[in-house]
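Please read the structure below before turning to the comments.
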Amino acid sequence: MFYHDRELQYKVRVEKPNPAFARMLQQAIGGIEGEIRVCLQYLFQAWGNRGPVKYRDMLLETGTEEMAHIEMLATAVALNLEGAPTSLKDEMAKDKMIGAVMGGMDPRHFLSSGLAAMAVDANGVPFNGSWVVGSGNTAADMYANVMAESTGRVLATRLWEMTDDPGMKDMLSFLIARDTMHQNQWLAVLEELGGVQGIHPIPNSFPQSQEVQDFNYAFVSTYINSGDGSTPAGRWTEGQSIDGKGQFHILKAQPLGGEPKLAPPVPEGHAQTEQMTLTDTIIGNIKDTLS
Amino acid sequence: MFYHDRELQYKVRVEKPNPAFARMLQQAIGGIEGEIRVCLQYLFQAWGNRGPVKYRDMLLETGTEEMAHIEMLATAVALNLEGAPTSLKDEMAKDKMIGAVMGGMDPRHFLSSGLAAMAVDANGVPFNGSWVVGSGNTAADMYANVMAESTGRVLATRLWEMTDDPGMKDMLSFLIARDTMHQNQWLAVLEELGGVQGIHPIPNSFPQSQEVQDFNYAFVSTYINSGDGSTPAGRWTEGQSIDGKGQFHILKAQPLGGEPKLAPPVPEGHAQTEQMTLTDTIIGNIKDTLS
Amino acid sequence: MFYHDRELQYKVRVEKPNPAFARMLQQAIGGIEGEIRVCLQYLFQAWGNRGPVKYRDMLLETGTEEMAHIEMLATAVALNLEGAPTSLKDEMAKDKMIGAVMGGMDPRHFLSSGLAAMAVDANGVPFNGSWVVGSGNTAADMYANVMAESTGRVLATRLWEMTDDPGMKDMLSFLIARDTMHQNQWLAVLEELGGVQGIHPIPNSFPQSQEVQDFNYAFVSTYINSGDGSTPAGRWTEGQSIDGKGQFHILKAQPLGGEPKLAPPVPEGHAQTEQMTLTDTIIGNIKDTLS
Amino acid sequence: MFYHDRELQYKVRVEKPNPAFARMLQQAIGGIEGEIRVCLQYLFQAWGNRGPVKYRDMLLETGTEEMAHIEMLATAVALNLEGAPTSLKDEMAKDKMIGAVMGGMDPRHFLSSGLAAMAVDANGVPFNGSWVVGSGNTAADMYANVMAESTGRVLATRLWEMTDDPGMKDMLSFLIARDTMHQNQWLAVLEELGGVQGIHPIPNSFPQSQEVQDFNYAFVSTYINSGDGSTPAGRWTEGQSIDGKGQFHILKAQPLGGEPKLAPPVPEGHAQTEQMTLTDTIIGNIKDTLS
Amino acid sequence: MFYHDRELQYKVRVEKPNPAFARMLQQAIGGIEGEIRVCLQYLFQAWGNRGPVKYRDMLLETGTEEMAHIEMLATAVALNLEGAPTSLKDEMAKDKMIGAVMGGMDPRHFLSSGLAAMAVDANGVPFNGSWVVGSGNTAADMYANVMAESTGRVLATRLWEMTDDPGMKDMLSFLIARDTMHQNQWLAVLEELGGVQGIHPIPNSFPQSQEVQDFNYAFVSTYINSGDGSTPAGRWTEGQSIDGKGQFHILKAQPLGGEPKLAPPVPEGHAQTEQMTLTDTIIGNIKDTLS
Amino acid sequence: MFYHDRELQYKVRVEKPNPAFARMLQQAIGGIEGEIRVCLQYLFQAWGNRGPVKYRDMLLETGTEEMAHIEMLATAVALNLEGAPTSLKDEMAKDKMIGAVMGGMDPRHFLSSGLAAMAVDANGVPFNGSWVVGSGNTAADMYANVMAESTGRVLATRLWEMTDDPGMKDMLSFLIARDTMHQNQWLAVLEELGGVQGIHPIPNSFPQSQEVQDFNYAFVSTYINSGDGSTPAGRWTEGQSIDGKGQFHILKAQPLGGEPKLAPPVPEGHAQTEQMTLTDTIIGNIKDTLS
């Protein structure tokens, strides 16, 4: 269960409120790279954790911390909205500046929330629960977490670049530092689980002998001129595979599966009659195709 | 640009059509772990690729291959739907079997598509473009790709376990093999980009001196009894950080940010009067709180 | 900021795991009546709270408690999924029971989460951030909260009726009790804010003199035979209005606004030529209409 | 069934078309606080009404009226879009004003609808059917309706503040008046159903003896320093509960549920081997955790 | 504006309530082929109609009728749910039948709506406002309407096939008849607007001289073996085009656009350093690719 | 299966990058009128095609071509974003122009994708798989395709009007030409399937004798004054129906279905007691209503 404090995890100051920046910050709250996603993702992974209990405990720790990050960002949004324009009266004509600011802010920050953060991204698209990944396979989940913290840190550094408000830069410097730690933290679990060669291919509990052997370490090239030496060479085209269990090689894409054939429509599905009855015209057309 | 063949990349046979399995396969088509996602993800990453062109070329290759995987799975869905029940007439009463099958299939496979695959997941939830991740940072994108192929391969092995149809098992063995390769392929790019110590923290182009230094390698424990020796120990609590740029250590969570203070509501936002006017009652309540 | 415990707020026991009931419980996690919604709703209201700080503090308290309720339900889902069927192999033919169970469970509970809870509702539709209501008007928000706890308690009592597992009934009896308290709690704020007559119409900070006076306490009847004495009579058709500021009365619906007239399409919007050029045919048609 | 008139319910005039205001008005059409939601909500409640038929009749009346409100707002959007810029040609360079206007309008108002309203909110997020609440419990539904009319009226007053177009102000004054009536109307039903003490806890048909008695009137404080006298006091912490069925009191949050224990992963779910096999390393780690 | 009657447009009787059929009917209410979509689509087209007013009037007529169809179907859902199972107690074990029925019904029909219709499809996916098409071009809109009535009638005939309840068959026979009329109605507008040759290409107000002339009547074949005589021949490969403004012919797909070249990442976008700095390794890789 | 080329289908040049136009172009990528939709729609129709195989082949051809159109537009977005502002530092104050540009662009084009296209529309709303229509009825599907190419071409001509960049105008002229062809192509299939009289009503495999005969060619007027000669006359009110199978005529809307009657709530659904128990007050109210 959970407890709270009335104070923030780290200082949130805004010297020059900027409603356009408030909108940008929403991406870090309700966007796919944002904090609601990682908070729920780590907590759901903890709650569904099967296997060593230490991972459950660690996921609970960081999931709980992320809740405090949502709180910091939500506070930052509210502070950036103070003094925001709340009117379109004539200002389009009189003051281009206000028009520009209005154009750059999320109108729902005034209309829907009365100058407060919402559970949406920078375009007002609501947070979506499908982003909360917990597969039951700890290694897959750790990659989902590394990915979330990587796109999250990229986002935070871009927000840091966008603003010259010292309070906002400071807050973001804290969040960027936490993303650094969290990337390392999930990588540490991957190391503990066996390192790249131990954990891949994920899931490592599936017997690789069941894979179609010609294709599990082959780079399939669909390039239309493939085979003329122009396939992009890289670490992935030769040498031992990264998981240490195969040799990379190149394979020109070939259709091995023949043309699919489906049965005609069932009557009660009410396709057009022409799809079911082979009229002379249709038969002729088919013959043309086949000849 | 793109070309096509009329044939499939690999055989798709169904010996015992099973409409419930058709529904399951939809997860691998239109689900977050599915093939539409990876297809569009690799292609959008290619189309927006800035930096070494070889990665653009490689992403195009595999994005194009994934299109063929959607095709195989869509064909598998159509074949599994042949012979599916298309009626509720009395069978609830007469034949429990048909009722059960009907309960296990996606009704829209009959109602909406006439026994064909759709761009939805196993619960009929539509594919969502937000799942297509391309951040402009190649390392972050590669982790998104490893994660997609990891959850994708986990899904494919679960589908493999669910069925004993030899044709479906064979098709899935091919797709599982491709996921093995693709996991390795994206890991190979990460190796080429510098390996774990070279690429992290992502983005590695942000100066770490700007991070708040006390927090970038600290495991923050929010556990209410933290400090009594019960924090979960692991690779992430001591020793050199995985990126080689810091030392892991434990920090008990502490509120450093004070209590947030927001301005009162602006009049034109039409909060309740009581939020704006400090009546005696309200003042009394506040005093109670403060005392 | 937030802290956690490794223990649950209340006991979660499952004597007879039931994967179909696991699916039902998802409605109380990721559905519109569920705990993710109230958790985020109370927290976002707290973080954006402008006005008496005591309401911020109280919202933080209960938002934090709701996080523990998500945890209890997620645990209940995982426990109900233990022993769930993970195969379609032949069982449709051999064992109708398993088929029925499989039909009644969410297939993504196996395919996507490996027997764990997800941030979705009972049909696998993801949680949606648009459900998190925080308007900046405390009275409106309190009604949103009463409504959430009312539909939430209705849901919980229905789940209670569905199961005869004593552990599940006990857990639900706890959650139902909490919903009782929370309904009362938000009602208490409404009382403190002035009671029904003090708070309505919400927002009470808008001058009612600006309303079109003939319509603010009139029950408008759109019934086609309205006026023949058949309008449904009730508390809302006569007597003092509930907010004490007007008299209820009935008004037969009348069109007061005339027919709307829009300008013709602009050329660069590329409507059909016939929408822009008044050909003889079109003119004729229009004349027919007007005559 | 339904009939229509070609005229509007109330005048809709726009003296100074403003495409940015057209975008704002979309929130009142397709947003969660908007008219499509209340229209469908009241109608679906009517169509599913079980119990006294008078409520079905009344819901039909007001649901039908709301349809006319969508129509008024859609007309207002179309009129505000007349004269909107439909080009980006050089104007970013030549005329900052047009750029600002373009930035403030919804581009789909030109691109997708040709200067007409759409079923979306002020950010172009589509109307979502999940917002249509009808629980089958009349009291819960009435609160959903009061809440919808409260957030709706708050929205309308904010729109009223944003504009100084007399036609728009007049139209909004009408809609604000109707929201006043509708708040009172749903409150009137609640009074008729028994008043606060009669209807709560909702549903009142569930026997309260089945609730866990220690928790149904307790304010649970999750504040980490709770118990030191700092819990926020209010109407909800002492005295008779609002529903008259209990006494409010404060309870410090305590974990009563112990640590949850889940079974290990099932083999066919293909977690990582390390989650299933207790290797020496894993066992060591677990021992470390437990010691 | 709108008026209502308390009676239905056509009889809705259910002799043998079937909760699984109730779920199927939801597709015709809240699905993309359903009645909420056409209702709102016709009304929004009417409200935004620019051009001959007769089309506005006609769209209002049929949009209003569709509201009555939602009502009929919502009533049919409620009637089919009467007697539905509302419990999972033991019946999975004792009575396979009830389990099967429960598996086939939408659990939210009990949990969320208390045995009433909702604004969702047959899988519980909510109605989505993006489906409401109104482009401002009357011809494009009429095709959207023909398409909606075509997929709608296909759906209705499939529902008709699924049931042998005489009341449901009768209701569907009415709705199928209305779809027949509505298909014809929108086709009649297309005829009035000029017929196929007059209206195409839509929009017909764009000067065709601005099109790239080699491609506007060419069937582009992406078939990898195209040109060997195997391109699928049909009405679309030779003869006058359907709009009478060109001649169909076949063109083998050729890349005419060269390879795209994007600038390197901007520093503040924080791509990886390796994307921006051409290290020796990277340069080597690029050389390999180019050689 | 599929192959690719590294070159574009047609030239994509941008002389004056414009980030606001990049946002507009997103509508043609991830919007409902966009290329992801048609690409997946044609491919899913091909993969599920039952009936003459020539249509499968043709759908594969054009679906594959559309993939190249997404690629062209994604490239155009990336090129238009070059030089886009990536900062809010002071420019709101110093340079209104940058503020305006920032207001007009999609902030996620910098924050989420690092100056690249995404799978979203012009408002950042993600592509939605529900837009991919494939009904199993070829005629219905062809109308869905004509509709998609019609709204798509309307969109493309509007984009063409918005820009004076010669490169963008050229690219759009190519795409507009392809839309012309594709409209004709799907119309050609409709002609081949029998022409308007042969294919309607869709599905033509349902026996029209099963329709309720009085309603299948009647224009039902819901106009409240219908019958006074004011019903909008048109091709759809008299003469032979377009499908040649009936005579158009006008019918004044009449309620034929009586008032719907639903059973009282079931106890375990926990409606309010007042909905279930007929207290004296309730009975009195009902009597009032009935009298």
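So that you can tell them apart, the chains are marked A, B, C, D, E and F in the order they are listed, and the count of residues begins at 1 in each.
Methods note: contacts are C-beta pairs under 8 Å (C-beta built on N, C-alpha and C of every residue); 3 or more make two chains touch, one makes a residue touch a chain.
Quick caveat: nothing in here was measured; it's all calculated off a predicted structure.
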Neighbouring chains common to subunit E and subunit F, by label: A, B, C, D
Equivalent-chain rotation between subunit E and subunit D, CA atoms, steps of 5 degrees: 180
Interface sides of subunit C and subunit F: same vs different residues, half threshold: same
Centre-to-centre distance between subunit B and subunit A (centres being mean Cα positions), rounded to whole Å: 6
Geometric centre distance via CA averages, subunit E-subunit B, whole Å: 26
Shared interface positions of subunit E, touching two or more other chains: 1-9, 32-33, 47-48, 50, 54, 57, 60-61, 64-65, 68, 75, 78, 86-87, 96, 100, 102-104, 110, 112, 114-115, 120, 123-126, 128, 130, 135-137, 139, 151, 154, 157-158, 161, 192, 202-203, 206, 222-224, 232-234, 253, 255, 257, 260, 262-263, 265, 268-271, 285, 288-289
Residues of subunit A that touch subunit D when the two form their complex: 1-6, 47-54, 57, 86-90, 92, 96, 99-100, 102-104, 106-108, 110-112, 114, 120, 123-126, 136-139, 192-194, 199, 202-206
Complex contacts: residues of subunit B adjacent to subunit F: 1-9, 30, 36, 40, 43-44, 47-48, 50, 57, 60-61, 64-65, 67-68, 70-71, 74-75, 78, 112-120, 126-130, 132, 134-137
Sites on subunit A touched by subunit B in the complex: 3, 5-12, 32-33, 54, 57-58, 60-62, 64-65, 68, 72, 75, 78-79, 82, 86-87, 110, 114-115, 125, 128, 130-131, 133, 135-137, 139-140, 143-144, 146-147, 150-151, 153-154, 157, 160, 170, 173-174, 176-181, 183-185, 187-189, 191-192, 196, 200-203, 206, 208, 210-224, 231-236, 241-243, 246, 248, 253, 255-260, 262-263, 265-266, 268-271
Complex contacts: residues of subunit F adjacent to subunit D: 18, 20-21, 23-24, 27, 31-33, 96-97, 100-104, 121-125, 154-155, 158-159, 161-164, 222-225, 253, 255, 257, 260, 262-265, 267, 269-276, 281-282, 285-286, 288-289
Subunit C contact footprint on subunit F (complex, rising order): 154, 157-158, 161-162, 224, 232-234, 268-270, 285, 288-289
